[in-house]
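Below, chain A partners chain B and then partners chain C, in two separate complexes.
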Partner chain A sequence: MSTPPTAKRRNQTLLRYARAFRSPRGIIGAGTLLALVVVALAAPLIGPGGYDQQTSQTLVGASGQHLFGTDELGRDILVRTVYGLRTDLSLILTAVPVSLVIGTLMGLSGAVSKALGALTQRLLDIILGFPGLVLGVIIVMIIGQGWWALFFALVFAGLPGFGRMARAGLLSEQDRDYVLAARVLGVSTGRRIRRHILPNIVDPLLVQTAIFMVVAIFIEAGLSIVGLGIEPPAPSLGAMLNVGARYATTHPSYVLGPGMVLLLLALSFTLLSDALNEAAIKR
Partner chain B sequence: MTAEAPLLRVAGLRTEFHTAEGVVRAVDDVSFDIAPGEILGIVGESGSGKSVTARSILGMVHEPGRVVAGQISYRGRDLRTLPPKAMRPIRGREIGLVFQDPQSALNPVMTVRDQISEALTVHGMGRAAARERALELLEQVGIPDARRRADDYPHQFSGGMRQRVVIAIALANNPSLLIADEPTTALDVTIQAQILRLLGRLRHELGVAVLMITHDMGVVAETCDRLVVMYGGRVLERGTVEDVFRAPKSPYTHDLLAAMPRLSSDSAGARRLPSIPGAPPDPAHLPPGCPFEPRCRLAVDACAEKMPSLTVFSVDHAAACHVTAGGASIPVLDSPPAPPRRRAEGDRRPILEVTDLRINVANGRRGLWGRQDPVYAVDGVSLQVHPGETLGLVGESGCGKSTLARAIVGINEPASGAITVRTGGAVQYVFQDPSASLNPRRTIRESIDEGLEAIGVPAAERYDESVRLLERVGLNARHLERLPYAFSGGQRQRVGIARALAAKPELLVLDEPVSALDVSIQAQIINLLESLRDELDLGYLFIAHDLSVVRHLSDRIAVMYLGGIVETGEVATVYGDPRHPYTAALLASSPHPDPAAKHRERIVLTGDLPSPKNPPSGCRFRTRCPIGPIVHSDRTICIEQRPALRPAPNGAHVACHFPGELRNGEA
Partner chain C sequence: MIRFLVRRLPVIALVLVAASMIAFLLPRLMPGDPAAAVAGPDATPEQITQVRHDLGLDRPVVEQYVVWIKGLFTGDLGQSLQYRRPVAELVGTRLESTVELAIAALIFMVIIGVGIGLIAGSTRAAWLRSAIDSVNTLLLAMPGFLVGLLMVLLFGIYFRVLPTSGEVPLSENPEIGVQYLILPALALALAPASGIARLVQTSMRAVRQQDFVDLAMAKGVPPRRIATRHVLRNSLGPALVAIGIRFGDLLAGAVVIEAIFARNGLGQLAVSSAQTADYPVVQVLIVGAVLIAVAAQLLTEIGLARLDPRVRLE
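Here is the complex of A and B:
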């Protein structure tokens, strides 16, 4: 009689999200993403020589030997695409959750004191004021080009979205009677947030996470196109598109290969965010 | 009944909602007539089907609801068989509709004149004529200075004035029938009195009939000619207001009337309120027989098996009851005696002392040119609450009573003055809306645990303590692991009280704890609060707008107006001999559930509560005061000096320059 059934209810919340993966969109989105992750993990099997192995055949079209053809240095584009996907996935799947956590904490900081809340909001406004590219340039200037620069650029770019969403949730939830009741009982701020406010803002934050993953793909591509992306010869999908675009008329497979993968990645996140959103609304 | 043909005749109406869980019969076999120029009240609690009845008449039942049987005949035409297109000219032109919430019934981006003219032009009137008529209507519903205000937007009007505009729209096409769905529930008592008086006047001037949907027996007694009592989708009783109130023939009506606290009650304190056990039925799970049977103290076997048909007792009085149909009379509903209150033992010092408190509710945001002016929602309030005692705090919305209450429990910051709680004494708060005050995702046990945890009860002892608390408020261990949605409103309020008690308070701040509950539940909660106070020696600060509830539960009372206390004293003194004109007006405006009091002299205040942003100089009540400078131009002292609370000869304290000049019932 005294075991708390909280665990059961937590399972129900999980079940609700599990429902998201039962809808057609959820299945296709999750399936595509899973396939892409598997392919990215299998990169050393697909290209045992690594992404920088050059051959004498430069810029050949799609063939049985090189499915997407080769690039201007004679490297297999399929292998580079798979390694590029690896870069992108490693960036997105780490930077976005980090951004989610920091942004949410910043958004909720208003619960500690009004002044702190106002201060973090102004900070987020400043970040929002910089276009993504300028933000990228500044970060590259500070820490130099590479994976970490992209990582930080993505983390910063996500903060305003997550921060504002968390703050909106905090503001609408903190004046609810049951939150006030907890306050009158003397429940600490941290507990109040964890028990009464967070569960109510998880839904919009999860959806925002999936949406921002799509945005992150394009931020990476954008920074690579202006040459601030990952340092060559390491590949990323964005950087490959950047170079491939030069040969678009003569060797279309150069852009089409990485482009298609990028599209699939974006599509999988979009479908996932849709499915999550639907599950969140249905509740 | 009148010899005239009825304006509207509803016969055998049945409305059902076909949901995934099954068929919900919201309205079943409902019949009534309305004669031209008559006011008919349909009274019922939540789920009684009263609002669905009104919607059925207008052909406005929402999906998946459907009128499945019966006749709705308006001037001889059956509205049920009319195609939607033919229904349109009837809705709005022949039958006007007044909504409960004037806030959402008006479009915020259209001027009131445009909204009224729209009601006219859609039925074919020219624009210019419609604008003229709009002005006339605004004057008719008593908007002062109508010509100047016609082009204002809804937000520039107060709640009462907005409701007048809504009525003006409903009246625009000279309808023969107004359907008013809880037209005064969202309004304060002094404003409610104005609107009810307006409806009565319109009936006399325009001969419009009114179908008034309400939960408030007091409103019915004050305004209606006849009433229909609904419960669980059925009509349990109908008749003239005089007949039904004098000799109700349905046990439900009888007990409901008996359970209402009265303004004039003398038994306060000596006895508990008589109460009806249980809660109104869920329309999705109605009992097979009479819907009231599970709660009825007179029920016999037949009641559980078969819904009784209406028995006619006199020309215009009928009730559906197996017991009274056989000629049995309804015995008096017992009011349990209250155990003697223990006093005078232990520490008798006040638990709470508030001294000269001011609370600034301006949001403190700096404008471009410096700090915003302060807005004192509470301005110079002092009060005390002793152990085992209830201080009733009464006032209309906007008077600052909730701001004050929230400051006492630490939610609002005082600007100046002091709130002193006796050492070791804890203060807890009970909220108005029990469904909003419980986290819908957390079980009752988790909600109560939170309070126990906060005062440091070790986890191992919390289960037993929670069960004790639940039993204390009339629930039990079986309820612990349920989520709030599984409870009725009254049960949720019991949980809210248990949670407050978990923190072992000496003082409870009760902010309108029964006003969101069904009438038949209110008495249960009031009795519970009373026995908890007496057993645990709790002090209560009881905030309410309903003067009869306050009277029953309170020892002393404080009347607030625009941030200040205008009168305070022993309950019997203040109710029996109000010295402040505002107190007198409040008492006079409260509806009495007694048709005999219908024609009493009433002080109906004009105008609305001014904004605390810009309070009147001197006495804050002077802009509405029936004995102040708006009537006696020589009383400049009211404009110049704010009256202090001074002792009156009857022992109360009154803040008025001319105390005692206006009494209850004198105008």
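Here is the complex of A and C:
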């Protein structure tokens, strides 16, 4: 009996987000992101030899054969940038959703009991007290440098934002008459959250997700530039900037290539967050 | 004000205690035996046992924690494994570089942020407002390290007017030291400054709608004075909060900027210590970083409470 209304509502929700992609910002943002994902997926076609194919032509400038030139080991910088983009996308597209889910659950835990809610809030306060890079340093020291260290650094860094947003939604909704009524009628906590609280916080959480994607890209780059990122020879956009900075004045394309792709990636998510925000306000 | 502070105290204490515990537990969470790391690669099992005893690693964990905390308060910060020098001395030599960078960036951030916000918030020229808007949007999307890398490219290749690599302490030679400071501090400050400018601009627009501005205009107060004394003063609240919050980001960003401009500050020390598992140094830097971040947050809240009495009463 309850299936048709739910399905209808789901359709309406989807329609609303589809509308977000009709605005110019939404179209450009989604289009850029889609293009970047396609390029990343096509990495083996662009560089059939892989990201570590070395040649004797080291540090060659930009040319028709090597669009961004070659690096200090004679590897094509364009090929490495594309593989680096792959690393960045694989990181943010896994770590940010995980952070979103855990953070939201932490924020909503106050619905189960007040004490649990207060406890998770203090936990989030503690995480918030640690600057992002310090979190990164601690994680690197415990589990060692690499993809997983970056993954956990991103998950932790996102928790306070998602958690606070979910809790704000919970606090503003749980004392409304209709939620109280549901409670009096004996609707279970889980069902109350799913039916009454979650639909009200989906919009801000989605915008926050897009915003945190940008932050995550910059955290990855920051940790990699100082040398705590992915271990060579594997490339990431930040790790390439780390080495590229050393050759910046003699081989500008070493910095400009990966830097441009990084900026495009960040820009696509910024535009998407704007578009989602607009769609949410219009409702 | 005091009651306000007292209410904030438990959370602050909690964050600091948690930070100290995480820092303390760090070598115990790391793979490998800290005693073996201290003793060096060629140590015999007996020597490692001896080192473990000397460091107090064979005593109960709670006792070790108390001893370590006492050390923090009395200035005994331990010995670096990598440099074989006291941590306090190491931090001391690197402190000036990072403090200079952070303060210079903070000054740029406040001047540029409030200045541009004031211009954008009080000008009637639409073209100027939209020009500032677009520059702001661009800068907001550009992280400090990209601004820094672009500056290295521009000033290292085309306009060789300012140095892009290395540093000279201000205490040694202020004139040259400042030259080395300008580019990294600007790189660090531009993105947060554009965020602050935007906040000042929007809140100035909101304050302008208020009745007391109409009253001031009716009284015949000159527009310039209305902008600075009446509107700007009441628009600074959100900007102040942002400055405080962004000061923490600024310090984190300083680590990356130091790497790009080849400055030998605390950030570089933290990174090289993390890479060589030099945990006594990292422990101290973690506690220090959290302490400063929390202090910045608290100062922000105090400043806000002073500007707006409603915050205190909440």
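One rule holds for everything that comes next: the second predicted complex is superposed on the first by the 280 of 283 C-alpha atoms of A that agree within 3 Å, B and C clash if a C-alpha of one lies under 4 Å from a C-alpha of the other, contacts with A are read in each partner's own complex, and residues count from 1 in each chain.
One rule holds in what follows: contacts are C-beta pairs under 8 Å (C-beta built on N, C-alpha and C of every residue); 3 or more make two chains touch, one makes a residue touch a chain.
These numbers were taken from a predicted model, which means no experiment stands behind them.
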Overlay on chain A: chain C relative to chain B, clash or fit: fit
Partner chain(s) touched by A:M165 [first = chain B, second = chain C, both, neither]: neither
First, second, both or neither for A:L36, with chain B first and chain C second: neither
Once both complexes are placed on the shared chain, angle at chain A toward chain B and chain C, C-alpha, multiple of 10 degrees: 90
Superposition-derived comparison: chain B or chain C, residues of chain A touched: C
Which of chain B and chain C A:G132 touches, first, second, both or neither: second
Partner chain in contact with A:H196 - chain B first, chain C second, else both or neither: first
Which superposed partner A:G259 touches (first chain B, second chain C, both, neither): second
First (chain B), second (chain C), both or neither touched by A:R176: first
Touched partner set for A:I92, first chain B, second chain C, both or neither: neither
First (chain B), second (chain C), both or neither touched by A:L276: neither
Chain B versus chain C - smallest C-alpha distance in the overlay, whole Å: 6
In the complex with chain B, residue positions of chain A that touch it: 1-2, 4-6, 9, 176-178, 180-187, 195-196, 199-200
Chain A partner contacts - residues on chain B that touch it in the complex: 406, 409-411, 427-429, 431, 433, 436-439, 441-443, 445-447, 450-451, 453-455, 463, 481, 496, 499, 502-503
In the complex with chain A, residue positions of chain C that touch it: 11, 14-16, 18-19, 22, 26, 29-31, 141-143, 145-146, 149-150, 152-153, 156-157, 164, 248-249, 251-253, 255-256, 259-260, 267-268, 270-271, 274-275, 277, 279, 282, 285-286, 289-290, 293-294
Residues of chain A touching chain C in the complex: 122, 125-126, 129-134, 137-138, 140-142, 144-145, 214, 218, 221-222, 225-228, 241-242, 244-245, 248-249, 252, 255-256, 259, 262-263, 266-267, 270
